[in-house]
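Next come two complexes built around chain A: one with chain B, the other with chain C.
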Partner chain A sequence: MIGFDIVGFMISWLTLFGIYAILALTLNLESGTAGITNFGKVVFYGVGAYVSATLTAYLILILNGVDVSETPPYGIRGIILLGELGNKNPLLNIGLLVLSLVIAFAVSGVLGYLLTYPILRVGPAFVGFTLLSSGELLRIFLQHYEPVGASKGLMAIPTPFGWIADSRLREVTYLGLVLGLLAVTYVVTHRLVNSPLGRTLRALRDDEIAALCLGKHVPRIKATILFIGSGVAGMAGVLLTYYLTSVNPNMFVPAVTFNVWAMIILGGFGNLKGSLLGASVITFVDRVLTFVTPQLGIAAISPDYLRWVIVGLLIVVVLLVNPRGLLPEKPIRTPAVDVILEEFRGESK
Partner chain B sequence: MSSMLEVRDVAKYFGGVKALDGVSLTVPEKGLIGLIGPNGSGKTTLFNVITGFYVPDRGSVLFRESNDLVRIDGLNPNEVFKRGIVRTFQIPRLFNSLTVLENLLVTPLGQRGENPVRALLRNSWSAQERELAKKAIELLKAFNMLRYANSKISELSAAHIKMLETIRGLMTPAKLYLLDEPAAGVDYLMAKELFTYVRRLRDEHNLTFFIIEHRLEILMEYVDYVYVLHNGKLLSEGKPQEVISDPKVIEAYIGV
Partner chain C sequence: MIPGVQQALMNTFQYMLFYLIFSIPLTLSYRTTKVINFAHANFITYGAYVAIFLHGLLGLDIMSVAVVLAFIVTGAIAVLNNTLVFTPLQKRGSSPAIIMISSMGLWITYKYLLYMITDVARYYTAKNFVSYGRITYSDVPRGSIVGISFSQALVASLVAASLLVALLYLFLEKTKIGRAMRAVADNPSLAEISGISRPFVVNLTWFICGGIVGVGGVIWTSFSGAITPEVGDSAILQVFTVGFIGGLVSLLRTGIGAVLISTIENVGIAILNTYFGIPVSFRPFLTFVTLITTLIVFPPLGAGGGLPYRFLRRGSRK
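On to the complex of A and B.
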C-alpha cells in the first residue's frame, strides 16, 4: 500500500466516530434506557444538517449583499459565490456554527417532541414505524423542495474553520470541536441515566402500566426524552454538514438509523460506554473499507454492501457470545447506592 | 365511620359481556375490606375502573379528599395514584431490571432528580435521594426484606414479590390500597404473614385496604367486612361469618 495516509485516516475515522457516537449515545438513552423504539433517528439528524446548511448558505450570501432571489445558493453562480465569499470572516463562520447548533437543537428537539407526543400512547412498534415513515416523508419532501436545492441539495457550504489555511490544522481543529461536543453529550447522557430520572426511564421500559399506576406521566416523560435526544441528534447533523460541506436528501435514508441501531446493539443496550465502543467499531469498518477498497482495485464488490455484511456478521457473532452486547447495562449510580452500602457496613460491625 | 371510597351503580360492558352490572359499595376509612367472587365475576374489572384503566359505562366512583368525596372515575391511572390510591396486580408488576431498593425508589412523586435539567446537577437532588433511600431501608427493615435490597426481582420468592409490590406504595402518602389476590401463589404461612403485615399497616399507619382474594380461609380471618360479586352484580355482603354461611354465596361458589 503505497502512500497510505495514516494521519488522514485517523482524522477522518475519529470525526465520523464522533458524529455517530453522539447519535448512538442519544439513541441509547431513548431506546436502550427508556425503551422508546426510535426508528426515525435519521429525521432529526437530517433536519439538523439541513438547518445548518440552509442557514449558513443563505446568510453568507445575504450578509455579503447577494440577492438570493436572483442568485440562490443552489444555483451554479450561488455555489461559486459561496466558495469565493465563504471564508473571509472567521467571526461570521464561527457565529454561524453556534447559531446552527442552537437552532438545530431547537428545531429537531421540538419536532421530536411534537412527532412523538400523540403517538406515544400506542404500542412501541407503532411508534417505531411512524417515525420510520416520517423520515421517508421528510426525504421525499426535501427531494422536491427547491429552496434547499431539491434532489441536488446544497453544496460548497462554508465551514466554521474554513479560514484556517493549513488543511491538516483545519481538520484537526474540526475534530476537536466534534470530540468536544461528544464529550458534552456523554456527560449529559451519563448524568441523566444515573439519576432518579434514569431510574424512572428504566421503570417505564420494564413496565409502562406499573409506572403509570405509580403516577408517572408516561407520554410526557417519553416526549421529553425524545426532545433531548432529537435535539442533540440535530446538533450531530450540524457537525455532519460542516464536515462534508454539502447536504442532499440521499444522505438521510433509513439505513442511517439502522446503522446507529447496530452500534447500540453491538455495544450493549443501555450501556453508554458500549455505544462509544459500537460507534468506534462500525465507523472503523466503514472507514477502512472506504480507504482500502479503491487501493485494492476491487470494483466488483461495492464497499457499501461489504459494510453491511461485515456489520451483520459482527452483530451475530457478538450476540451469540453475549446476547446483551459487548458491554451489558450497569446498575444506576445514585447516592442511594452509598446509603445502602453504609447500612450494610454498619450492620456487619 | 366515614367512607374512603364509594362505588355507585357502576357498570362496565365488554361487548355482550356485562363484567360489572350496577355495582354499589362502600369502603370505610381504615377499613380492611374483602372482595370475593367466582372467576370472571368482575373483581379485577372493578379495580380497573377505580384506578382509571376503564371509564365506566354507567355510574361513578368517589374518593375521599379531606372532608369531601370527589369523583375520580374518568381520571387517568397516574392521576388516580396522585389522589392517594395504590394498587397491586393479580400478576405482580415490578420493574425487573431494577433492584428491590430501586423499585421502592421509583415510587415517590416530586423527586427533584426526575426533572431533566435538575438531573444534570447532582447537588440539587442528592440530599433528597439519600433521604428517600433511608426511608426505603426503614421499610425493608420493617418487612424483613433488607437483605434483598440489592437483589433483582427475579431472585425473590413469590411472597416477597407480592410484599414488595404492596410496600412500594408506602413510599408515598397513599391512603387506599387495592390488592388483587395478594396471597395467590404464596404458601400458607407466608400468606398469613402478609395479611398480618397488612393489618399492622392499617393499624399503625391508618391506611385503608380493599382486597380481592380467592383464598377465603386466609382472607376471612383478617377482614372486617366482605363484598361478594357474581356475574358483575353484588351478590351478598356482610361480616365474614355471615357471608360464608350465606346460601347464595355457597351456591355461587359451588355452582361454578
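On to the complex of A and C.
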C-alpha cells in the first residue's frame, strides 16, 4: 500500500465539506423550507466564483502597475506575472478576499432576485426548468467571453493566505476561514428558519394558495429568500475559487446542482443539521473516490463519472426508500410559542 | 437575395422537424402520466448512441435497423423508469415536485452511465465514442431537387415527422387504445372506473414516447458533426420551451411552438451573426428569452400549477 496522507485528506475533505455545506444549507432554505425548486444553484455559485476570480486577477495586476490590456491575466505572461506578484502584500490579498465576498454576495443575490420575476406566476416545473437552463446559458456565455479567459478560464489566482510560507499552515488557515463562514451561514439560516419568516416559508411550501389567502405576500417572500440563498451561494463560489486557485466554465455543470440536491435529500428536507450530514457524507465519498481510485489502477472508468452516477442514484433511491431523509424535519423552535404555552399552562393551573 | 438566407431557412425547417419529434412525446407523456420527465434528454442521447454503437462496434450503417433497435431500447428505458421510480412514488402520494426531482436524479445517472459505457468501449476498441463523427447511412436517399439539397437527415426527419404526426393522429382519434389514452389524460379516475387499465395505458404511453424520441436521436446522428453524450442536454432547453409554449397539454400548440422556436433561433441567430458578429453558439439565449417571455406574458397555468397573481392583484387593487 502506498503511503496515505491522512492529514492532507482530512484538510481537503473538510474544506470541500465547508463549501458544499454552505450551498446545501442555502438550498435547504430555498427548497426544503420555502419549496422553490431551485435547479440552478450552480448559476449563483458560478457567478460568485467568477466574480472573485476576475476581480482578484485583474486588481492584482492593475495595482502592481501592469497594463492589463497588453498582458491580460488569461494569457501566459499574465499567468506568470500573477504567480510572481500575487503573494507580496498580505493586506492586499485579504482585502481582495473581503471585497470578493461582498461583491459576489451582491451580484449573485441581485441575479437571484431578478430571476424570480419571470417565475413567480408558474409552478415548480417551470421554476426549476428556467433556473436549470440559466445555468447552461451561463456556461455558454463564459465559454465565449474573452475577458474571463473563455473556455480556458482563469488560472494562478492569488489566494488570500498565499503569503504564509508553510503550505500545511496555509491550508489549515484557509480551512478555518471556510468553516468560520459555514458557522455564520448555519447560524443565519437557523435563525431564519426558526423565525416567523421561517413559518411563513413552510406555509408557502405546503400550500401556496392558503398562504396567499392568509395575506402573505408570496412573490416578495420568494424573491427575498432567493436573494439571500443566491447571495450566500455566491460567497461559497468565492471560497471555491481561492481553494482551487483557478476557474473554468466546465466546473459549473448542472450536475453540481444535483450534487447539492442529493445532500439535502439524503440529509432530510427542511432539516438544517441534515444538510450538514448529507454534505459531509457526499463530499467524503467524493474525496475517497478521488484519493483511492488512482491507487487501485482502474484506467477504464473515470472516478468523476462514477461519482455523478452515485449522486444520481442516491437521489432516486433515497426518494424511493426514505423520502424524509436521514434526519426528518422537526417542528420549529420558536421562543414565542414557548412563552404562549407557558402562559397557557400557567393559566390552566 | 442575401447569401445565407437559404441556409437559415433550411436550418429552420430541419430544426423544426427535430423539435417536433422531440417535443410531441414530451407533451404526450406529461398529459397522460402527469410526470414532468427531465430524463427526456436521455432518450435522445441513448437513441443516438444505439446508432453509434451499431456503427462503431458492428460496422452497421443501416438506419432502419438502428431506428427499430433505438425505439425498443429507449422505450424500454422509459417503461423501466416508470415501473421502478415514478409509479411507486405516485402510489405513495408524493408531490409532483418530488417526482420531478427523482427524474432529475435519473437524468444524471443515465447521463454519466453512458459516459462510463463509452469509456469502457474506448478502452476495449480504442475508438473515440465521446465525440463521434457524422454517420452516413446506406439506406437513406439524398440528393437535390429543384436546386434544394436534401441531406440524409432532412429526408429521414421529414419522413419520421410526417409519420409521427399522421400515425399519432390516427392512433389517438381512431383506435380504441388511443382513445383510452386520451381518457386517462383527461380524467384518470373516471377512465379507471369505465374499465380502462390505467397502468397499462401509462406504460404504453411511456414506451411510445421514449421510442419516438429515441428515433429522433438516431436521425440526429446523421445531422450533427460531433455526437457526444451531451447531445440530449444541448437540445433540452429548446425541447422543453416548445413543450411549455404548448402548456404541456395541447399537441397542436406544441407543434406551433416547434415552428416558432426553430424560426426565432435560426433566423434570429443568422441576423445577429451577420450584422453584430455574435457567435452562433449563443443561439440558446434567443430560446431563453422566448421562454422567459412566454412565462411572463402567457403563464402556463394549466400544467404544473402556479398562481395567477397578475389577475389576483388587478382585482384587489380596485
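The criterion applied here is as follows: the second predicted complex is superposed on the first by the 325 of 349 C-alpha atoms of A that agree within 3 Å, B and C clash if a C-alpha of one lies under 4 Å from a C-alpha of the other, contacts with A are read in each partner's own complex, and residues count from 1 in each chain.
Definition applied: a residue touches a chain if its C-beta (ideal position, glycine included) is under 8 Å from a C-beta of that chain, and two chains touch if they have at least 3 such contacts.
Just so it is clear, the structure is predicted and the values come from calculations on it, not from any experiment.
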item	value
Which of chain B and chain C A:265 touches, first, second, both or neither	second
First (chain B), second (chain C), both or neither touched by A:311	second
Residue contacts with chain A in the superposition, chain B compared against chain C	C
Contacts of A:37 with chain B and chain C, given as first, second, both or neither	second
First (chain B), second (chain C), both or neither touched by A:213	first
Doubly contacted chain A residues - partners chain C and chain B	209, 212, 218
Residues of chain C touching chain A in the complex	36, 38, 85, 88-89, 92, 94, 96-98, 100-102, 104-113, 115-116, 119-120, 123, 233, 236-237, 240, 244, 279, 281-282, 284-285, 288, 291-292, 295-296, 299-301, 303-310, 312
Contacting residues of chain A [partner chain C, same complex]	35, 37, 39, 117-126, 128-130, 132-134, 136-137, 140-141, 143-144, 208-209, 212, 218-219, 254-255, 258, 261-262, 265, 299-302, 305-306, 308-309, 311-316, 319-320, 323
Chain B - residues contacting chain A, complex	51, 76-79, 81-82, 86-87, 89, 93-99, 101-102, 105-107, 109, 111-116, 119-120, 122, 125-126, 129-130, 132-134, 136-137, 146, 149-150, 168, 172
Of all residues in chain A, those that touch chain B in their complex	188, 191-192, 195-200, 202-203, 205-207, 209-218, 224-225, 228, 329, 331-332, 334-336, 338-340, 343-344
